[in-house]
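A, B, C and D label the chains in the order they appear, each numbered from 1.
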Amino acid sequence: MTAAAGRRLLAEFTGTGLLVAMVVGSGIAATRLTEDAALRLLVNSGVTVLGLAVLIVVFTPVGGAHFNPVVTGADWLLSQGTARGYGLGEAAAVVGCQVTGAVAGAALADAMFAAPALTPSAHHRGGVPLLLSEVVATAGLLLVIVALARTGRAQHAPWAVAAWIGAAYWFTASTSFANPAVTIGRTLTDSYAGIAPASAPAFIAAQIVGGTLGTALAVLLYPARAGRPATAQEPARLAG
Amino acid sequence: MTAAAGRRLLAEFTGTGLLVAMVVGSGIAATRLTEDAALRLLVNSGVTVLGLAVLIVVFTPVGGAHFNPVVTGADWLLSQGTARGYGLGEAAAVVGCQVTGAVAGAALADAMFAAPALTPSAHHRGGVPLLLSEVVATAGLLLVIVALARTGRAQHAPWAVAAWIGAAYWFTASTSFANPAVTIGRTLTDSYAGIAPASAPAFIAAQIVGGTLGTALAVLLYPARAGRPATAQEPARLAG
Amino acid sequence: MTAAAGRRLLAEFTGTGLLVAMVVGSGIAATRLTEDAALRLLVNSGVTVLGLAVLIVVFTPVGGAHFNPVVTGADWLLSQGTARGYGLGEAAAVVGCQVTGAVAGAALADAMFAAPALTPSAHHRGGVPLLLSEVVATAGLLLVIVALARTGRAQHAPWAVAAWIGAAYWFTASTSFANPAVTIGRTLTDSYAGIAPASAPAFIAAQIVGGTLGTALAVLLYPARAGRPATAQEPARLAG
Amino acid sequence: MTAAAGRRLLAEFTGTGLLVAMVVGSGIAATRLTEDAALRLLVNSGVTVLGLAVLIVVFTPVGGAHFNPVVTGADWLLSQGTARGYGLGEAAAVVGCQVTGAVAGAALADAMFAAPALTPSAHHRGGVPLLLSEVVATAGLLLVIVALARTGRAQHAPWAVAAWIGAAYWFTASTSFANPAVTIGRTLTDSYAGIAPASAPAFIAAQIVGGTLGTALAVLLYPARAGRPATAQEPARLAG
């Protein structure tokens, strides 16, 4: 493994870990401070928006700041045959670090709040509406990421990805997990943000379906890759 | 129809649909989670701000990210006689996709929350103060969009449009529908964000009046089109 | 009067009017929707942040987007002897439009909420702590504006000015009026954001003192005007 | 002392003072306006996000906008042997101004709210979970600052630093002091944001440990300094 590959793995482990720590920790804090369920979710979603944006801007140069196996899968697929293509082994290693990081992040949050760490969640989540929600949330996430990349505007990814997730917390019924690694990490905290291990497989399947749909939609809307002069600048088709 | 025109229609359908899904879905979530009416509207407006900004940045390159017949109308009018002018037929097709997308988005939100889909709203809204509110909200929206376009600064549109709508949710008395397609979509959800079908025509009329006023004000303030060197950079007339 | 000067006056009238409408209108909405005093001020300050940022970005090219006599005063003073200097008569006309716009904006907000328009406020505000608050809030506002202008970074003004005011709503005890025109406009609404006419003169005096201090501090910190190559780029003296 | 060094000290004094005034003042305002503990912390964290971002953008050109001895320490260390290296004496003077500014800022906030100034806090904070929280919060803060600097993207520091602190208010259990100067300033206000003097040394020790870890992690991830062409642009390793 090259030093650059090692740094990428460290970045994915740390970034995914901090992301899960943010989701789990803010959930615990909000639960302790108020009885109002909307205020709890407002804190949880608001902290995720702020934290996700900063994590993406910090970790992007060292390997893309995926923090999400669905994103890594789409990236691996779309990179095949291009100058920056990489092997399935590297993709698998990235995903492994995301999952391990997510578990570590949940444990870190529980430790900071003096809560039992690595305890399975008893919060069952499921049913067709919630799984549809995960499809929509993950489809939109991949649409945002792939569309920005294909139009040469990845510099907007930190705030745009964060804003999508922040909105999806509320307009979907599942509070938008949208991430298999984060879902696994959240099975191991018995707190506000937890999800029962038995609920995870269906969530992850829905996320993969959604990610596929969102990637396909982005490719359909933007058939040309970034780098072509016509799309490299900020486009504007607004009333003028 | 060219492939590019098809992509534009798909973008307007999807973008308007997701916008309405955000408004309707977050309204349902907020209603279920708290009794506080200000917190409900804070969630509803906050989600719209985040979601609208990201939808605009994602869909702009494929056709302007209008999501709004008033915006399309102004754009069509102002584009006549310029290099990017297009026919009334294309404008009508765009509006058709906006309306269809809005209805689909409302149904999607209801489905995610296991609520009855495509049910007319019983929430009557009207009266002079609310119609004046719609005039103000839509006038400001068009002022923002057209002013940014005419000064060559459309790159600010995602956050500026979202910020205007977020503010107008609160400082107008109608919670700022400001969009005929979204208004029609919201007639078909019997939830927090719904509007009774009988209330829609007056709202839409007020929006058209407001859009006309806002466009005229923008043209009055910025008589020269974008592209002239003098206005292509960030202007600064501040104390220095 | 030239057409450009007329457009500047129209921009100052409209921008200040919409700013006051946002402050007054969101105050009325929040008061009607919740009993929680912190949530009311959170709505009021949040709407001001969003609205002020978008108003500045929209109106800056047509005349600086001052919306505030203290800002116009500092701008007039600092512009003397430079290429863009202008006469005291134009400055006075700008201030006149700001004040008239502020009154019109308060009336517009009251009309949208079906409240009595142009009614004097009965809300007395005063005392040394509140006046000290106005000094601090206005000093910081001018520090932000003048510092950004003198370092050639006025493109940050929309969000930075809005963020300062948003913070000052809370960390000062006066909720940060920081603007004589807005203060006068708010004397004529008997609602949440109102201020009794008898309280206005001391507020305005404190704002002028604060504006002077803030301008002086900015000039002290940044003695060189913008435009010098050394300060024209984003500076960075951070750990590296 | 040169004039430039004097301006840097004035900037660090003023910036740190305003930062502490924001934290303390908004804490007092929130405490007076609501009984909901989550809403109080939401106000306190939200004001800090807005205020920190604007203070960084205003004061960066005049000396880096550190406002934090841990940041100054890391900056001093990493600047050694580079063109912008400076002596330990200047670093010590900067830290002195930060601490004095923090104390003055706390007093200013108390004065604006007519509360007793310079009164020791009775709010004891401590224990392993809270100290771990301070390690995490400060490590992340330094990671953000050093990573952005080393990748030539310091222009993102205002919002990224603010977003990190805003998230850390909630996902750590200590509400993220993450700053020895601010910690000392907050020992001298007997209000919401206060910390008992006896609790400060352990907090400061944890902050130094965290700052060291975060700086080391940033150097490990980004071994090359900024300025190398390969890292001077926005990187993008996203699905495309």
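Things worth noting here:
Keep this in mind: contacts are C-beta pairs under 8 Å (C-beta built on N, C-alpha and C of every residue); 3 or more make two chains touch, one makes a residue touch a chain.
Bear in mind that the values here come from a model prediction, so they are computed numbers and not experimental data.
Comparing the centres of all chains, each the average of its CA atoms, the largest separation from chain A belongs to C. Distance between chain C and chain D, defined via averaged C-alpha coordinates, is recorded as 28 Å.
The mean-CA centres of chain B and chain D are about 39 angstrom from one another, to the nearest whole unit.
For chain D, residues that reach two or more other chains under the stated contact definition are 36, 39, 42, 148. In terms of which chains touch, the assembly is arranged as a closed ring, every chain touching its two neighbours and no others. Contact residues on chain B toward chain A in their complex (touch as defined above): 7, 10-11, 14, 18, 21-26, 29-30, 33-34, 36, 39-40, 42-43, 46-47, 50-51, 53-54, 57-64, 71, 74-75, 77-79, 82, 84, 108-109, 111-114, 142, 145-146, 148-150, 154-155, 157, 215, 225-226. Those residues of chain D that touch chain A in the shared complex are 36-39, 41-42, 49, 127, 129, 132-133, 136, 140, 143-144, 147-148, 151, 153, 156, 159-160, 163-164, 166-167, 170-173, 217, 220-222, 231, 234-240.
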